[in-house]
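Order as written gives the chain letters A, B, C, D and E; numbering starts at 1 within each chain.
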Amino acid sequence: MSAAGVPLAWYLILGAVLFALGAAGFLFRRNIITMFMAIELMLNAVNLTFVALAYYLGQVDGLVLAFFVMVVAAAEAAVGLAIILTVFRNRASLGIDEVQSLRN
Amino acid sequence: MDGLLFLIFAAIAVVSGLNVVLQRQPIASALSLVAVMGSLAMLYLLLGAQFIAAVQVIVYAGAVMVLFVMVIMLLNAGRERSAGASLMASALGVPLLAGLAAALAYVMLLAFPDPRPVRFGEFREGGAAQVGYALFTRYLLPFELTSVLVLIAILGAVALAWREGRK
Amino acid sequence: MQQLWLIPLFPLLGFLLNGLLGRRLSKAAINAVAVGAVLASFLWTLKVLGALWPLEAPHLERYFTWIQADQVRIGYDLALDRLSAVMLLVVTGVGLLIHIYSVGYMAQEGGYYRFFAYLNLFMFFMLTLVLAANFLLLFVGWEGVGLCSYLLIGFWFLKASASNAANKAFIVNRVGDFGFSLAIYLIFANFGTLDFARVFPAVSRQPVESGWGTLTAIGLLLLVGATGKSAQIPLYVWLPDAMEGPTPVSALIHAATMVTAGVYMVARCSAIYLHAPAALEAVAIIGLLTAFFAATIGITQFDIKKVFAYSTISQLGYMFLGAGVGAFGAAIFHLWTHAFFKALLFLGAGSVIHALGEQDLRRMGGLRGKTPLTFWTLLCAALSISGVPFTAGFFSKDEILLAAHHHAPWMYWLGTLTAAMTAFYVFRAIFLAFFGEPRGWRHAHESPPVMTLPLAALAALSLAGGYFDVPGFLAPLFPAAAGHHQAGLAAVAAGAGLAGIALAWLFYVARPGLAERTAARLGALYRLVYNKYFVDELYEAALLRPVVEGSRRLLWHKVDVGLIDGAVNGVGARACGVGGVLRLIQSGNIRSYAAWVLLGSLVALLAALAGGSR
Amino acid sequence: MNLLDAVLALPLAGFLLLLALPREREEALRRLALAVALSAFLLSLGLAAGYRTGAAGFQFVTDAAWISQPKIRYHVGLDGLSLWLVLLTTLLTPVGILVSWRAVSRRVKEFYALFLLLEFGLIGVFIALDLVLFYVFWEVSLVPMYFLIGVWGHERRIYAAVKFFLFTMAGSVLMLAGIIYLYTYAGTFDYTELLRLESSGALHFRPTEGWLLFLAFFISFAIKVPLFPLHTWLPDAHVEAPTAGSVMLASVMLKMGCYGLLRFSLPLFPQAARDCAPWIVALAIAGIIYGALVALVQPNMKKLVAYTSVSHLGFVVLGIFTFTPLGLDGAVYQMVNHGISTGALFILVGYLYERRHSLEIADYGGVATPAPNLAAVFMITALASAGLPTLNNFVGEYLVLQGAAQADFRWAALAATGVILAAGYMLWLYQRVFFGAAPADVGRQVYDLGRREWAAMLPLLALMVWLGTATETFLPAIRDTNARILEQTRSNVEVRVELRRPPLEVAR
Amino acid sequence: MTAAGFLPGGVEFLRLLPEILLVLAGTLVMVLEGIGGRRRGPVLARLSLGALAAALAAAFVAHRYGGPAFSGLAASDGFATFFRVVVIAAGGLVALFSGAYLRRESAERGEYYALLLYSVAGQCLMASAAELIVLFIALEISSIASYVLAGYLRSDRRANEAAVKYFLLGSFATAFLLYGVALIYGATGSTRLADIRQALAGPLPPPGALVAAAAALLFVGFAFKVSAAPFQVWAPDVYQGAPAPVAAFLSAGPKAAAFAGLLRVFLTAFEPVSEQWEGIVWTSALATMIIGNFAALLQSNIKRLLAYSSIAHAGYVMVAVAAHSAVGTAAAMFYLAAYVAMNVGAFAVVSYFARRGERYVNVEDLAGLGWRQPAAAALLSLFLLSLIGVPLTGGFFGKFYVFKAALEARLVWLTVLGLLNSAVAAYYYLRIIVVMYMHEPGEAVADLPAPGPALKATLWASALATLALGIFPSRVLEFAASAAALGR
């Protein structure tokens, strides 16, 4: 199985695009959970970049980094969701736009 | 062949990524995020990172996303209502994002002009063995740190989610 | 060493004693201190003069350094030459008489000790002025006498008019002093010293300035100072108001001594003026104009002291004329005689006021019988000032007019006319006061001897004072006043005086009421003169109000509060405004925050890609 | 630890001591503060006695290490310029304490503590020979004054205090920038070292640099002086400050600016200083006339006096920037004079306020009748500040104007008008307050000077006469210091306009 | 190659002793929290204080045995020691005065102290990390703990909001940071700062665009944590919403640690390409100062005001970074030390004053404090004066050194503008003093209890530090200078 693949740059560009998409989600979604998921999307994009670069450099380190990113993401998820929970308890809503009592 | 695979999964990834952004229904976003992750796992395989691909599916798509879905269900977060809006975000959002994507993509093209196609199987370091070895040798410190991190995550989650009532 | 410094010192001690302890001292003690101090310096003056006679060369005494300006020493140095000798005699002599007179005059007044303290202080400064051996010390005396005049004019400070007059006097004098001080700076800058003994020789080594030059500038600036102190056009306005002060003050300060300081200073600086003809000419013209102009006003006044005040201005004008035409000796001569008869006039007027408690000529009349001594002494003074032959005034005035004629005939004629007017208004005052029927006063009484004795002494001096040949005495100091004696001119001048007297007789004794009719006929002109040509009003409108209102409305309200503070507060407001705008970033909305983060990162990204953009 | 350090340390010690004491025992606090201030004054007399005129360089020098890198040293010393200003400070502090004895009744402890801290800072400013040390004292003196105005002041005290602080701060940060920038050139903060470098020509800036550096220092000094048009903080600060505050502010703090000009601006940046001189002189003269005119029409006594300060300090700046020995001597002399006479004026106004509780001139009149002594003292002070010969201000003004006349006669001519106006506003003020018949309530409220009030005024009156007549007590030290400063400003500067020699110089 | 080469030797543990101690202590506290009975709060508080003290000592031990650790991923050098001391001290001060506050809110539980200790541990590690991924994880440890702390009062809506904002934006920014790591990894093939430096300085440097982008993205990540413009947006809301002690903590430890990371990364790894990022830093510094100071002018809520002030101070430090020199680094270090002392002190007073439920957090509420609680007010004034930068306080020499560094780097305009900014800043700090001393006491101070011993201790400690740094800064500065020579 050896058909011409695509240049590495494509993977990286895909990563960039997904990163931007994640950012877009953070910007345009109004549901806290969705925003959080958008961040996860961004992290995935970064991971893709790591992996692609690992391939490019022929090193395992990139993969290790990707692995750590996953762990961190998991940890963030746990705390993040807990925080979201408390917000929901106090506000009975996940609408981010309701969460702006702190302002000038 | 693997060029085709790339295109397919890249397409899936982008489309479901878009879906994450466009869906007003959190659960839908969650599911499409799972799809993104799945396709990314495939791309990892293409890049010869079997171990990461596996972890991606098991931990990420599996555990983390399940957690998300669970919370969504728990708080039965319905369609989001649009209360108030951010002028800043809606006005600048699209051009900014476009700019960001463009800039990054441009950097990539500039930095990796090498036209040689990515070939499946060229990179053989991606196995669990190699990753594991790296983890427990060169990257011992961060690995240990992740344990602390997870510990904090648990502690934090407890500290926040705990209800006095249950004492 | 003749211990010249003792001469001013005695009055200073008198001042300190009376000033610090006066409130606890008895009247007698105060008198003793005050009069004693002046007497002491008078006697010491005589002693010194006796010792130094005939005082060919100036006698200089250096005491200690006052200010060491860079390399230049400005010291407490006193000098005595024939010029200052004359002044010393006038100041201490007349001063003594007036001190004695005041004992009687002020007997009933409150603040007795204050009065005599001030009077002594004045003597101190006046003597410093006269004895000063350099310009700065002269300036000390100059300002000091101004201060005392301020204090004494405002002696009755409960009266607004008094304190106003006092302020006016001081401030107008300050305008003059402004010129004087500039002259001093110029002298120092050009000659590197302020000592008379160094400046004048240096000056006389200069060529005579044909046109405009430093010396001329100095001369004119000095003249500005002189016009202030000696009440010449345009700065004479303070002197009439100064009559708010007690009459002895008017006599001592505003007739005999202080106001003549200007003349003294001009004479002292003759070296400069002789090398700056333009400046000298200015002196002459200002003097002449003042003499004439003041005389016209004098004719129309009814306040007896005002009449004499304008007469003083006029007579000072004469002295300036004299100096201006180069007859410095004559000017000082007139200063000398004037000191006697004008002091006498004032003291006499004081005695009258003391008798009636009234200053308005229209409410006097017929006092001759009641206060004969005052009358006769006043008459002597009047004759003398009118230049009736063989009185003191005759000689001095004659000298001046002669010199004037030699300098420029028209000056002589105008001077003569002035002389006539002088005679007229003085005798007008005499006749209105002592002749005719009493107008509105009940009882009057002659003053006590402590007042009349000085009157008598002065009367004698104003008759005989002319026989002391001051010009001759001063000849070594000044180039001989040109123009030999011309009997004709003298006769004309004397005639003019007599004519004036005759006219006064006609108007106020022979044909009472004629004056009113004439005044009515003259109408507008009379009113103009009667109101002193509205000069005060003019100054008020043209100088005072613009300055005050301008400062308040424009400088303070507009510039200070409006512009500068406005700008400052504006900056403050602007800053807060910026803050207000920046606060808008903090909308509290996460997604717009995210947009900021995004914006920032994109900018950073692009900037970095651009390869670092400073 | 020589005498000078002791003089500096004493107030600081007093400050700490006061902080430690209980606030209830107010009389004791007052006494202690007075004792400290007086002993500081007596010590400083020792300085005057021990000062050797003509000796080169600084005296009573202490040069101890403070901060290692960059080298910032505790380097203090005294010369003819600082000597009298230090004495002025140490003299006026006890006077100020006496003046506030009854006037300050609340928060006594803090008041006197801050007052001593203020003295500490002020003395430090005048003796610091290290630029950073100077800046430190400069700012330290700012804080207590801010509190004195803000806490013990009158109605609009807060506005005034903040304005005062911000004005000074805005200036001083620029100075800080200047100091540091200078360091990046010279590699030292030490004043004497800098002088050496400057005169050896080691400090050559590019023209613009020199100018900017000069301005950085100049602006902060000009604000402090205050030089027209940067003066608007002064009237507010004065009107609102408590009497003692006004005294210290007018008498000493304003001198910090003038001192800075002489100590730093001229010697360190001679070229720029000479280049800017005409403009600065223009501002100074504008200030002289402007301040006098505005003072003329003030309805509020303190404001009036404040504006006279603007006018008087215009003379100082004028004198400094004539670059003539006379001008500089006069400027320094005038600093001291103004300290004495304006300080006295503020004290007297304070006395009036204590009696009538108003600063409005309109609320007074005829005070001379119930309070003849007060009237007499006020008269002498007013005359002093109006520049009457034999009193202090005359000498300073004469020297300044004479110097100005040597540099450019027109300057003298313009500036001298300020002297006329001085007589105007002073006598007019005096007339409206003291002359005339006293209204009933004035007669009731106003009483004559008390013993403590005399005690505060007498030394000042004595000094007015002393400074006015026996100038040789003070001038020699000033003279040779100024000579050195001028020497410094001539060093490697091509003087564009050489001073006009007398065209008619004959007395060879 | 064998694993043996990678197993850390004993000394390497010593080099990370502070972190290890803190983590262990945190865990211990957490466990005890589970088993301990009532009144355990104060005990745990003392325990954690002890742990922090020990860690402080350990920091010096680690310094004594300085050197790389764990195959060069971390390093215990002077730089690390300096920041370890700073953040541990900050954590200690906060822990010291948190107790009273938490008791008042009846929320003194072990988790709080555990999280605090963990967070401090993370910050220490940030200071000593020599490799990007370690740095990243350390950052996450510090951040996640502080996210939770921000929302620690879970029933308090403001706290929730603060937490969620902090968390979401924080992880958002983290993503950028990570992306930057990825790019630099791709460019140089390593994430070790030393290697990166070599690669960038080496004969055949990696593609400039990639490096530039990496630098930019990394800067974004750090700039967010130090709340530099335009990434400061989160700070005011979070500081205002978070409990006062936590706000104090956030403004001190994480900020200092993030600066440590920033300095280390940019002055070792990216030093060779400084021209590519100094412009960004310059701009950000200026913007930060301006936004911080000017926005603070109109604040009425004192916590928010202090938040803006802490933004402004980040700007000043950023000026030192912009100088990118050893002197600048030393200046930044000194500044942060001084800043931590005075800022924690100020927040301590606020937390003491706020009362239950933070009723009184407006500037006006402080009216008359100066005469009701002279000591507290005087110390607060001291801190404020130090924040203004008045001499004889640490704040002054902080600014002094920062701008000296800037001028030596010829950043003239940045200096002038910065100094003018500090003059503007004087206004809003003075306002607080004005209210305390020049306004008549209001109801807020009427029933104010005297400060407790712990608070007193905190205040005096901070005050002493502030004064010490202001009067005898030499020792600290010398140490900073010796430690500042990064990557050389």
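Assume a residue touches a chain if its C-beta (ideal position, glycine included) is under 8 Å from a C-beta of that chain, and two chains touch if they have at least 3 such contacts.
Just so we're clear, the structure is a prediction, and the values are computed from it rather than from any experiment.
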Problem - Target subunit D, source subunit B, minimum contact steps - result: 2
Completion exercise
Any chain touching subunit A and subunit C at once appears in the list B, E
Practice task
Could you name the chain whose Cα mean is nearest to the mean of all protein Cα atoms here?
Solution key: D
Handout entry: By count of C-beta pairs in contact, the leading pair of chains
Key = A-B
Exercise for the section: Name the chain whose C-alpha centroid is farthest from the C-alpha centroid of subunit B. Expected result: C
Fill in the blank from the handout: Averaging C-alpha coordinates per chain, one finds the centres of subunit A and subunit E separated by a number of Å equal to 27
Exercise for the section: For subunit C and subunit E, let me know how many angstrom lie between their CA-based centres, rounded off. Expected result: 78
Fill in the blank from the handout: Chain-centre distance (mean CA atoms) for subunit B and subunit E, in whole Å, is 30
Completion exercise
subunit B and subunit C have mean C-alpha positions lying a whole-number Å distance apart equal to 102
Completion exercise
Going by residue number, subunit E touches two or more other chains at 133, 137, 140, 144, 147-148, 151, 154, 163-165, 168, 172, 179, 183, 186, 209, 213, 236-237, 295, 298, 427
Problem - subunit B, residues touching no fewer than two other chains - result: 84, 86, 89, 93, 97, 100, 103-104, 107, 133, 138-139, 142, 146, 149, 152-153, 156, 160
Completion exercise
The positions of subunit D in contact with two or more other chains are none
Completion exercise
Each pair of chains that touches is included here, namely A-B, A-C, A-E, B-C, B-E, C-D, C-E, D-E
Exercise for the section: Going by the contact rule at the top, pick out the subunit D residues touching subunit C in the complex. Expected result: 163, 167, 229, 231-232, 290, 293-294, 296-298, 324-326, 329, 366, 368-369, 383, 388-390, 394-395, 398-399, 401-402, 404-406, 409, 412-413, 416-417, 419-420, 423-424, 427-428, 431, 434-437, 469, 471-472, 475-476, 479, 500, 502-507
Handout entry: In the complex, subunit E residues that touch subunit B
Key = 3, 5-6, 8, 23, 27, 30, 69-71, 73-74, 109, 111-112, 114-115, 118, 121, 125, 133-134, 137-138, 140-141, 144-145, 147-148, 151-152, 154, 163, 179, 183, 186-187, 206-207, 209-210, 213
Practice task
Write out the stretch or stretches of subunit B touching subunit E in their complex.
Solution key: 103-104, 106-107, 110-111, 133, 136-142, 145-146, 148-149, 151-153, 155-156, 158-160, 162
Practice task
Give every residue of subunit C touching subunit D within the complex, in rising order.
Solution key: 64-70, 136, 139-140, 143-144, 147, 150, 154, 157-158, 160, 163-164, 166-167, 170-171, 174-175, 177-178, 181-182, 184-186, 188-193, 198, 202, 205-206, 214, 547-548, 550-552, 555-556, 559-560, 564-565, 568
Exercise for the section: Flag every residue of subunit B that touches subunit C in the complex, lowest number first. Expected result: 84, 86-89, 92-93, 96-97, 99-100, 103-104, 107
